[in-house]
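Reading through the C-alpha cells given below for one structure.
A, B, C and D are the chain letters, set down in written order, and residue numbers restart from 1 in every chain.
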Amino acid sequence: MWALSALRRGRTLVRTFTSAYPKPYTVPEGNWGTNRAARLELAASFRGLDKLGLNEGVCNHLSVMVPRADGQGETMLVGHYGLHWQEVTASNLLEVDWTGQTVQGEGKADVTAACIHLGIRHIRPDAKVIMHTHQPYATALACMKDPRLLMVHQNSLRFYQNVAYDTSYTGFALALEEGKRLGRVLGEKNILFMGNHGVVSVAKTISMAFDNLYYLERAAMMQVLAAGMEKEVALIPDSECGPMLDAISDMLQEYADAHFYSNYRILRKSQPEFEL
Amino acid sequence: MWALSALRRGRTLVRTFTSAYPKPYTVPEGNWGTNRAARLELAASFRGLDKLGLNEGVCNHLSVMVPRADGQGETMLVGHYGLHWQEVTASNLLEVDWTGQTVQGEGKADVTAACIHLGIRHIRPDAKVIMHTHQPYATALACMKDPRLLMVHQNSLRFYQNVAYDTSYTGFALALEEGKRLGRVLGEKNILFMGNHGVVSVAKTISMAFDNLYYLERAAMMQVLAAGMEKEVALIPDSECGPMLDAISDMLQEYADAHFYSNYRILRKSQPEFEL
Amino acid sequence: MWALSALRRGRTLVRTFTSAYPKPYTVPEGNWGTNRAARLELAASFRGLDKLGLNEGVCNHLSVMVPRADGQGETMLVGHYGLHWQEVTASNLLEVDWTGQTVQGEGKADVTAACIHLGIRHIRPDAKVIMHTHQPYATALACMKDPRLLMVHQNSLRFYQNVAYDTSYTGFALALEEGKRLGRVLGEKNILFMGNHGVVSVAKTISMAFDNLYYLERAAMMQVLAAGMEKEVALIPDSECGPMLDAISDMLQEYADAHFYSNYRILRKSQPEFEL
Amino acid sequence: MWALSALRRGRTLVRTFTSAYPKPYTVPEGNWGTNRAARLELAASFRGLDKLGLNEGVCNHLSVMVPRADGQGETMLVGHYGLHWQEVTASNLLEVDWTGQTVQGEGKADVTAACIHLGIRHIRPDAKVIMHTHQPYATALACMKDPRLLMVHQNSLRFYQNVAYDTSYTGFALALEEGKRLGRVLGEKNILFMGNHGVVSVAKTISMAFDNLYYLERAAMMQVLAAGMEKEVALIPDSECGPMLDAISDMLQEYADAHFYSNYRILRKSQPEFEL
C-alpha cells in the first residue's frame, strides 16, 4: 500500500505499476518471435507516425536491429523504399545486412536509410532503434542558426542534455561515411538535430524512439509558438532541470509503452492490415 | 412572450429557454443513475477532447466526484492510465478513493492524476469536475513569462478575472502536496494556467468544464495569432469586461449544455462504443 | 466562337458559360419549392462550413429570408439553437418572424441570432442571406487595433472597398438594437468585421455568402502568415484594385455557384442526411 | 554489388535501382494507352493535392499535353471547371485545343486555366505538365516584397536556381497574352512564384510536377515557420547548393515516381472511382 501512504503523507511517489503494460500482441519465445515482435512494432510506428503527420513523402525511415528469424545473426529491419507509410506491414519490411544488401524480403531499402542508419550504428552499436523524420516543428528549429531545444515545457525536460546538434549540413546522405559522421556528432545523446534537414531519435526500444519523436515535436511546437509571440519565454531554470528529469527517468520506458501500445491498439481498429 | 416584446422594444433579452437542453441519455434516479450519468459524460469528454486535439499522448486527465453506485460514499471517477482517449468507455473508468486506491474497476489511475486532482480537491472541495490538458495554444501562453490571457475576443470574456497563474513549475506532479499547492494557487478561480505545463479547468458540471476548455483554447488561439502579427491588439476595455460578463453569466451553463450534448450526440454516431 | 477568337488574339475574355451551373437538386416552382431550395442550401452551408472548420461550438449562425411554404409572407430561416452543425438538416431548420418567434418547426433560434440577423435586416432589407462566424484568421484580424483586410492576394481583391469595420465591441448581442447598430456600421458593404468578435457576410444568394466566407478566410490566412514573417508585404497597388475587381465582378456569382454546388455534391456523398 | 562495396568503402553511392518504380496501372501501347495513362495520373493528382490541402476552392488547375486517343494530334488534358477535385475522374477530364475549345468531353475548362496553361506552353513548348495552385505557405511567400525561396532546408535544394519570380500581379488571367507573359517570366525555370497569387510547377512528367509542388510547400513551410521565430536562419551556403543538387538530380524523377505512385495506390483504396 505504498501509493496510499505516500498520498496520505504528501510524499513523492515512485510509480509502482506491478505489471508493465501488456503488449497488445503475442509472439512465441525465441528468434522467430523476437523478429516478429519487432516487425509488428515497427509497422505500427510507420502507421502511427504517418497518422500524426510526422513523416514527409516516402522519404523518412525507421529501423531496428533484430535477430534473424532463423537465428543466423542480426539484421537491420527497415522499410521497403517507395511504399507509402500506410502501406507498410509487418511482413513487407526488409532485412538488410551491414552492407545494405537485402537479405530478407523483396525490394531495396532507401540508400539514405542504409547510409544514415548503418553509419550511426557503426559508432553507436547500442542504437537498437533509429527513427529519422522531417517532422515540422522540430525541423524548423533545426534550420535555425541557434537550433537549441529550450526548456520551455515539461515535455522539453525529457530531452535535457540529451540532444546533439549537427549544424553542418553536407547534402543528401549518400555515403556510409556520412552516417558515421552523424553518429559521432550524436555521441552519447539520444536525439540528433540535423541542421537544414530533420531529426534522429535513437533508443533501445521501439516504443521509446516513437514516444521521444512525439514529445520532441510537442516540445518544439511550444517553442515555435512561443517564439512567434516575441515576448519573453519562461524557461525552466537550468539548475532544476536535472533533478526534475531524474525524478521521472525511471518511468519513461513505462510511459512510452503506455503511449505506444495505445496507438498500436487504435491502429488495429482502423488499419488492421498492418499486422499482416 | 417576453422574447417577442424585447425584440420589439430593442431591449436586452435574458435567454428564457423554458426547458433546459435535454440530456441525450436517460438514467434512473438514485446513486446508480447519478454514477452512470457521470460515467457517460466523462467518457464523452475524453472522446470529444481527443477529437478536438486538446489532449496529449495518454497523459492528460479528467475526473469527476460521484456517489458510489451502491451509495457507500463518494469516489473520484478518473481514466484508467494507459488507455488511448478513444478507448475510454463509461464502464472502463475507474473509481479511486482519497488515497488514490482503485475501489471500482480494474487497473490504476495515473499517479499524477491522483496527485493533481485529489490535491486540488483538498483545497477546493467544490471542484466537482477537474480537467487537465496540455492544449496547444493555452499551454503556449502558459510558457510565457507573462502568461496572462488577454481580453482580445468575446470568448476571452468568460474567463475575465477567472484565471489563476502558477508561474513556478516544480516538475512532474508526483506528490499530493503538489496538488494542494496548485489548489492554493487556483484559489477561487475556475481556470489555472500551469507554467511550463498546461491548464486546469474546474467546474460544477462536466459540460461546463468541457466548454471552458474549448473556449479557452479558442481565446488563446486568437491571442497567439494576434501576437504573431506584432501589431497592436484591440483589447476590450477592462472597465467593460465585468458588465459584459455579468450580462451572460446566467446563460453559460445552458450554453455549455448545448455545446457539450451536441458533441455527445455526434460521438454517438461515430464512436457509439463510448457508452458501453 | 468568342472564346476561341479571343485566345487567338490574346484579348481579355469575358467568361461566356452558356449555361449557369445546374443546381444539384430539383424543386417544384412556387413558394413551397423556393422555401425547400433555401432549406437545402442553408443546411449544406451549415455542413460545409463545419467541414471547413469555420464555425465555433454551436454558436455561429446562418440565415436566409424565404417565402413561407404556404405563401403567407416571408420568414427568416435559421438554425435550431443547440444543434451541432453536423446535425442540421433541411427540415429541422426553423422559421422565425420579425419578432424572433418560431412560426415553423420545433424549438427556438439563438437569441443572438435573432438580434443580429433581424437587426441587420431592419437596416439592410436587401440582405437576403446573412452568415455570421468566428472563423479563425479573419477573426484574428478583427481583434487588431487596425483590423483592415489588406490587398495581399488575388483573393483579397473581391473584398476591395467591400468590408466595414466595427471597432466598438459592445458585448454579446442580446438586443435587437445591437443588430441594427451593426447594420448601420455595415452600411452598403457586404462584409462586416466585428471587433473582438467575428465576421458577417451578407449576400443575395446562399452560394455567394458561403463563397465570400471561404475566400475571406483564405485572404485573411495569407495576411496573417505574411504578417508573421515581419517582412514587407507586397500590396496590390490601390489604383489597380478597382479595375481588377471590375474585370471579374460579373463572374463572381457564377464562381460562387460552381464552388458551393461542388461542396453540396460532396456533402451528399458523405452526409446525405442533410437533405432530409 | 556496387552498393555493397560502396558501403564498405564509405564512398558516395549512386542510386542503382535496377527497375524503375512500376506504375500501379497498365495501359496498352499506343495513343489510346498514352492518353489513358495521362488521364489516370492527372485524376490522381487532383485527388492527391486535394487530400494534401494544396488546392483552393474549385479554382486551381492541372493540365498535361497528350496525344489524342485516335492519334489525331495533341490536346491539352485539363479539369472540367466547377468540379470539386474529389469529383475528378480519368474520364471526366476534358481535352481542349490551342484555342481553348473543348474537343473531347462535356463542358468547358476554366478560362483562366486555358489562358495560363496554353499561354505558358506557347513560350515553353517543353512544359508537358503544368500545375497551378494557391498552396498556403508557398503563396504566402509569393505575397512578400522579397518572395525568394531561401535555402533553409534539404527540400529547398531541389529548387536551387530553379524558381522564377513574377512580382507584377496584373489581375485575373483572362487573356492568353497574360499566360504568355507568365511563360516569359518563367523562362527556363520549373517553378514560378506568381506575386499576390500562387505558384506554377512545370515538368516533363506528372509525377515530377506533383512531387515538386509537395516539396515546394514543405520547403516554404520551413521558411515561414523559421521567419516567424525572428531569429537568424541557417542558410545552406550558396557555393554548396549547386554541388549538393547535382549529387541527387539524377535521382529526382525516381524519387518523384516513388512518392506519386504511393499516393496513387493509397487513393485507389479510399477513392477508387477516380480511375473511372
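Note that a contact is a pair of C-beta atoms (placed from the backbone, for glycine too) under 8 Å apart; a residue touches a chain by one contact, two chains touch by 3 or more.
Worth saying up front: this structure is predicted, and the values here are computed from it rather than measured.
The minimum number of touch steps separating chain A from chain C is 2.
Where the sister copies chain C and chain D meet, the same residue numbers recur on both sides for under half of the interface positions.
The distance from the centre of chain A to the centre of chain B, each centre being the mean of the chain's C-alpha atoms, comes to 32 Å. Inter-chain spacing, taken between the CA centroids of chain B and chain D, is 46 Å.
Shared interface positions of chain D, i.e. residues touching 2 or more other chains, are given as 228, 230. Taken chain by chain, the contacts form a single closed ring in which each chain touches exactly two others.
Every pair of chains meeting the contact definition is listed here: A-B, A-D, B-C, C-D.
Touching chain A in their complex are the following residues of chain B: 56-59, 81-84, 86-87, 98-101, 108, 111, 114-115, 118, 134, 136-137, 139-140, 143-147, 167, 169, 171-172, 174-177, 180, 195-198, 224, 227-228, 230.
Within the complex formed with chain C, the residues of chain B that make contact are 1, 3-4, 6-8, 10-15, 17, 21, 151-155, 157, 211, 214-215, 218, 221-222, 225-226, 228-234, 236, 240, 243-244, 247-248, 255, 258-259, 261-263, 265-266.
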